[in-house]
Amino acid sequence: MKVRIKAFARFREIIGSENTLEFDDGTSVLSALKSLSEGSKDFRDACFDKEGAVASHVVLMINGKRISGRDREAGVLHDGDELAVFPPVAGG
Amino acid sequence: MKVRIKAFARFREIIGSENTLEFDDGTSVLSALKSLSEGSKDFRDACFDKEGAVASHVVLMINGKRISGRDREAGVLHDGDELAVFPPVAGG
Amino acid sequence: MIRLQQDDFEVGEFIEEARSRGTGAIVTFIGIVRDDGIEGIELEAYHDVAEQELAIIRDEAMREFPLHNVDIIHRTGPLRVGDNIVLIVVSAGHRKEAFLGCEYVIDRLKQTVPIWKKEFRKDGEHWVEGE
Amino acid sequence: MIRLQQDDFEVGEFIEEARSRGTGAIVTFIGIVRDDGIEGIELEAYHDVAEQELAIIRDEAMREFPLHNVDIIHRTGPLRVGDNIVLIVVSAGHRKEAFLGCEYVIDRLKQTVPIWKKEFRKDGEHWVEGE
């Protein structure tokens, strides 16, 4: 299946604004982020804390909806999903 | 001495926007208002309460400064003063 | 700018002028003749004293909050439903003080500035009672 | 109207449009690029999601307070000191709810709308940390 990963601000500067990746069906958010960080130490440093968990300040959305709690890692991706990764917002 | 008496809103409709009256030196605010009400029952009803005191909702200014407390009756007028009489304000 | 005038005002012009280099927020209040069954209003002012009181309120607001600029324009004379009555434009470095400053000005204005409003209705006219 | 756009906006136009027959108060907030030693900023947005979040905030504000109209225009792209960033126009019957509605919108916007700000300074560039 194909998942589009969108990145913004600091994260965009590291991995680019959009990556379409091919995953096995049922891939978790955590696995998808890990795949991305294999290609980029900078992304790994930005996205994960020292224990290897998704850092608490990283905001994640699937198809424009914020995901929280356990879903930030265990959430399951589906074909055509858009996963967005970004730092805390700072508009206005 | 001459005192200009300005009236606004309801009070203006009763006695007109401006009256210049001739008083003895040292006339009090109360005396000035009483003189005005001699010529107009409507003004007396608007300006005084049943006990003959200046009604509490009436606002008074001398030369653009609000007068309060005892000065609302005992305040002394001087030649060239502008005494203003009006209801509570309602702008904005 | 503090002004009592018959003419309408252009909000955009005042907003442009309110901007200085440290300005991060402009809050604007516009009071409008509301349609609650009236046909129109007439605003009467003790002109010089009203302008003087508006300037006092501006000075108080600028002492109370770190504001860059405060404009207050209040209209007088006959107005119809939907017409502008008053414009307050407050600029500041940050939004909190701009909001606080703008609310301060309109709240004080309604308490102290000698302006009165007569409403015209189908069944007659009457003066709006101040507080 | 809800919109994310590169172009500047004309405040006066939105204020005219915000007026309906029962409107007695319009409160406007304008956020501006503040000069605190920066040379300029660049605003980046998750475009569709940001517009969607702005619409949610407008709907929340209109549920929470008795408002007539809420417009939110937020700019993106490169901006200089003194440029407009965001415009919020809120109309209501009375002033209290217009102020509350307008503050609600800007406070929520800063919490939830996916927009980021990069500041350019003489000594380099950096992303502003959100809360």
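Going in written order, the chains are labelled A, B, C and D, and every chain counts its residues from 1.
One rule holds for everything that comes next: a contact is a pair of C-beta atoms (placed from the backbone, for glycine too) under 8 Å apart; a residue touches a chain by one contact, two chains touch by 3 or more.
In this text, all values refer to a predicted model and were calculated from it rather than measured experimentally.
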Relative to chain D, which chain has the most distant C-alpha mean position?
-> B
Between chain A and chain C, what's the gap in Å when you average each chain's C-alpha atoms?
-> 50
Taking each chain's centre as the mean of its CA atoms, how far is chain A from chain D in angstrom?
-> 27
Between the Cα centroids of chain A and chain B the separation in whole angstrom comes to 75
Multi-chain contacts in chain C, i.e. residues touching at least two other chains, fall at 31, 106
What are the residues of chain B that contact at least two other chains?
-> none
Touching pairs of chains, which are they?
-> A-D, B-C, C-D
Complex contact set, residues of chain D against chain A | 31, 43-46, 48-50, 52, 74, 85-86, 106, 109-118, 127-131
Given the complex with chain C, which residues does chain B contribute to the contact?
-> 6, 8-10, 12, 59, 61, 64, 84, 86-92
Contacts from chain C onto chain D in the complex sit at residues 10-12, 15, 19, 21-36, 81-82, 93, 95, 98-99, 102-103, 106
